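Okay, so chain A shows up in both of these, paired with chain B first and chain C after.
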Partner chain A sequence: MISVWGFYRARFKTALAVQLQYRVALAIWMLGLVLEPIIYLSVWTAVAAGSGGVVNGFTVSDFAAYYIVLLVVQHFTQIWHMWEFDWVIRQGILSGRLLRPIHPIHNDAAENIMYKLLMLVVVVPSVVLLVLLFQPVLNPPLWSALAFVPALLLAGVLAFLVGWCVALAAFWTTRTFAINQVYFIAMFFFSGQVAPLALMPPLLQTLATLLPFRWMVAFPTELLLGRLTVEAALAGFAAQAGWIALSAVFTLLAWRAGIKRYTAMGG
Partner chain B sequence: MTPPAIAIQSLRKTYQVSQREAGTGAALRSFFRRSTKDVVAVDDISFTVQPGEIVGFLGPNGAGKTTTLKMLSGLLYPTAGECRIHGYIPSRREAAFLRQITLVMGQRNQLVWDLPAGDSFELNRAIYSIPAAEYQRTLAELTELLEIGDLIKKPVRNLSLGERMKCEVAGALLHRPSVLFLDEPTIGLDVTAQRRIREFIAAYNRRHGATLLLTSHYMADVEALAQRVVVIHHGRLLFDGRLASLVERFSPHKTITLHVEPLNGHDHDLAQYGQVIERDAVSVKLRIPKAETARITGRLLAELPVTDMTIEDPSIEEVIEQVFNAPADRPAEAQP
Partner chain C sequence: MSRYLKIVALYVRLGILNELEYRANFFVQLFQSVLSLLLSLGGLSVIFSHTGTLNGWTQSELLAVAGVYFIIGGIIRLVIEPSLWRLMQDVREGTLDFKLLKPVDAQVLVSVNQVQMWKLIDIVMGLGVLAVVFAQPQMQTDPLRALFFVLALLCGGVIVYSFYLMLATISFWFVKVDNILVVFESMYEAGRYPVGIYPGWLRFTLTFLVPVAFAVTIPAEALTGRLSAEMLALGGGLALLLAVVSRLFWLYGVRNYTGASA
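Coming up: the complex of A and B.
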């Protein structure tokens, strides 16, 4: 019997060992991590200042809280395998993984989890720094703060499944860059990254509700900020569960079809 | 009779490749309408391998060897026909099947580039859930046979090609597979490293009774390891049998090396005896039809001042080259 847990433990160790070799990359990554919310915050602070300190009920310190929580949520829901999968296929790396008696998704999932845990050494100080700089106001009801944890976990699972499914497009085309680009643009607008969804035009808000991105990022963020009613929170969990089920089925089907097509090029 | 370890029945693989003419016009046309062509990589191949047997799998580049090995290890779906490894259908990639096999490819890298090979071995231990004691025993055996005790502590990126290959082989065998597919395991290695890997493969086969299907461009590998060879060309099976009978069957010639004294002084018309392959001041090498060997040697001895004479089968390289140069539509099999 294959011990999946044993595999994850061993994979964590190798991922950790690899990451620790790249100290400079870690530092650059930390810089990017801090810069992004600073840029959004500066923009929205300027907008708020121009309209009497408040934009649609968001004060400057509300924006600060929003973007700092968003940073944490984005960290736990990020996925990058679509940038690598094409290479993994063309280089024959996938062939090596297919020869192992464990599904290749476990390799990526283990790496994803490991990376997120490891990078907390960068994320935590970044958050502390931003909190000191921008003095956010964060005052959620207890139930909402507690519900944030499962919402974040489900968001992580959902983002991983959807992202992995997008990565599988590499089975059909070598130009995955365009597909990935569309995915990240949709993510940018519909996940609440460019602006809190409450500030978006109604049409975009409706679209965001129908697409999965909101449930990956905006939903847990708004939950921790205490901006959701109990009903909205329950609806959010239902949406997460539904999308996870749907993307799991779709990933399974896409994987099966992709593997059929896969002809182990090169070598 | 025990059931075969590898059973291949009418195996066939066709690739669909897109194609277009050169030029901008053709590029534009292909933007709207792609034309594809079926390329037959493996064409109706059947053979079996018994447990514990080492079989050399030969053929020129593009003959379909790697495609066959990929079908046997479950990386490619056959277009038609069937293959079974210990009863398993490879393309299903069942865990129980994958635990029994390994595929080593000369250029493929299973080891994590940035880490010592030992770390990748640990990962394999977890993947195959190898019990600690067994793992230590296997690792000790592999490091000793391959002489890689010190190497597995160095990052893989700092190893030479030969060192890395030895570590790759060790990593591929930690789970003690019973069926090994080795695709050019010695490619690009120096003679010493080649011999080391070759000896190791033979030792592994003896110790564990493993079944091996091996491709190599180095006939030394094949001569040292394989009691039997399977030759494919243009995707078709040309020959299946002992290496010695391959030479007998495909080489209708013998090579005679003559020392004639004094060769330079007399302008002997050597071409009347056979085809002159090489000639220098004191010796000459002739290729003659096998059936005529007795008659021609008799004539040579009677008509020329021969001081020494050797009669040999051509080298395996020569025979293989001859087999591969045979046109595809007229299989060499048809020859007597």
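Coming up: the complex of A and C.
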């Protein structure tokens, strides 16, 4: 256990050094993250303005609160390893990581955590700016504000596991690009990015409940907005736990099967 | 002039030959374009299940915006972006020497030297979307609108090209700035919807700092009969101005070029 912690500490340091090297790239990546919620916030603000200020119980300031919270949740649940993993395998970079006496998932987990903490330097001012610009209204009951913290943490773990699992497809195919695209479009519709799920057609809402994406992003967001009952919140935590267990098992199996196929090239 | 046309044709042919080597990329691109279309169509159908118009635009009109978004995006990714990306790489590695030495205008060479042919799919798809939209009986078409549309598209193309050229020219001073092109890519996403829906500061940014409005919204306004002749003239003036400014900036940049290693 001590060695795992030591590894994370060392990896935090190197990840920090690497990230600081590419400050401009970081800022640009953030721009995309901030812009997308603003696009759909503006769209729904225009819809609300056109229909007397309210859409299905969402006022303009509710939409503002929704998309600003969504931005924060998306930051803590974003995952990019699937874009790199193909390269890590193709270039044989994985070979070096396999030689370490620790599972390679820790390498990516440490990098992921470091990045998310570091980028708070950009996320926090963006959120402050957006709050000033869009005047959201947010007053959740105390219990749901408190429950938001574990929900966000679980969502981060879940998104990381599912994302890592998707990344493993690179063991079997070189066309991971297409798989990643499908993953992100599913995210777009089922995690509450295009619209709060309550505004989606019933069929898509049912699908969203069955898929993991809702529990990664929409659930913590709605929780902090105070839109969930206690029962719905408990069901959400159960869904998160269930998906985490499922994706952990699947990742483990896929990793074992994948690593058998792995033939290091170069490195 | 005909010499330049021949050079452009030659580069296009080379680009096609290059990509024909990777035929599977056609399907990858097709897949990617279809997903992007799905994103637009899905978004619109969710939005219009709650409203009849968005800031005065009907669903069909917003579909036309999406069509223009694909056409202009396709043009950018077909030739402008890959060519100027290559320019930045050439500056970094010093291989721009070879282009500067050729007895033709280097700006023409660097602007067409990479053609990603499969991006034509985006353009074809955009045209298809427009065809579907304007096949509907309630959508008006008249020759004047069509003329305005073509002119606005032309202005938008020139403005976006000049903008890209200026960004790429910055690499003569700051060597590693290829990320800067990603900024446009990122902001372009906002063009799926007319810029009028965005708050003032963002609308200003998307009009004058990053010309998404001129690229997508204004041609779409022309197509749906919203564009006044004055606004079109303004766009034309701006296109001309930016073309001249970016040309001067490019010439100034080339003088600063030292040739890194080659």
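Please note the rule applied: the second predicted complex is superposed on the first by the 261 of 267 C-alpha atoms of A that agree within 3 Å, B and C clash if a C-alpha of one lies under 4 Å from a C-alpha of the other, contacts with A are read in each partner's own complex, and residues count from 1 in each chain.
Please note the rule applied: a contact is a pair of C-beta atoms (placed from the backbone, for glycine too) under 8 Å apart; a residue touches a chain by one contact, two chains touch by 3 or more.
Just so we're clear, the structure is a prediction, and the values are computed from it rather than from any experiment.
S.K.: When the two structures are laid over each other on chain A, do chain B and chain C clash or fit?
M.R.: By the criteria stated at the top, chain C and chain B fit after superposition, with no clash.
S.K.: Tell me which partner touches more residues of chain A in the superposed arrangement, chain B or chain C.
M.R.: C
S.K.: Please work out whether A:Leu35 is in contact with chain B alone, chain C alone, both, or neither, and reply first, second, both or neither.
M.R.: So A:Leu35 only meets chain C here.
S.K.: Scan A:Val194 for contacts with chain B and chain C and give back first, second, both or neither.
M.R.: In the superposition, A:Val194 touches chain C alone.
S.K.: Touch check for A:Leu16: first (chain B), second (chain C), both, or neither?
M.R.: A:Leu16 sits against neither chain B nor chain C.
S.K.: Under the stated touch criterion, which partner chain does A:Leu98 make contact with: chain B (first), chain C (second), both, or neither?
M.R.: A:Leu98 contacts chain B only, not chain C.
S.K.: Between chain B (first) and chain C (second), which does A:Val43 come into contact with in this model arrangement: first, second, both, or neither?
M.R.: second
S.K.: Looking at the overlay, what does A:Val121 touch: chain B (first), chain C (second), both, or neither?
M.R.: neither
S.K.: Go through the superposed model and pick first if A:Val54 touches only chain B, second if only chain C, both, or neither.
M.R.: Neither chain B nor chain C is touched by A:Val54.
S.K.: Once the two structures sit on chain A together, report how near the CA atoms of chain B get to those of chain C, whole Å.
M.R.: Between chain B and chain C, the minimum C-alpha distance equals 10 Å.
S.K.: Going by the contact definition given at the top, which residues of chain A touch chain B in one complex and chain C in the other?
M.R.: In chain A, nothing is touched by chain B and also by chain C.
S.K.: Show me the residue ranges of chain B that touch chain A in the complex, using the header's touch definition.
M.R.: 15, 66, 70, 73-77, 93, 95-96, 98-99, 101-103, 105, 107-110, 112, 114-115, 119-120, 122-123, 125-129, 183
S.K.: Show which residues of chain C lie in contact with chain A when the two form their complex.
M.R.: 28, 31-32, 35, 38-39, 42-43, 46-47, 49-55, 177, 179-180, 182-183, 186-187, 189-190, 192-193, 197-199, 201-202
S.K.: If you look only at chain A, which of its residues touch chain C in the complex?
M.R.: 24-25, 28, 31-32, 35-36, 38-39, 42-47, 49-51, 55-56, 133-134, 175, 177-178, 181-182, 185, 188-189, 194-195, 199-201
S.K.: Which bits of chain A are touching chain B when the two form their complex?
M.R.: That would be residues 1-3, 6-7, 9-11, 13-14, 17-18, 21, 92-93, 95-96, 98-102, 260, 262-264, 267 of chain A.
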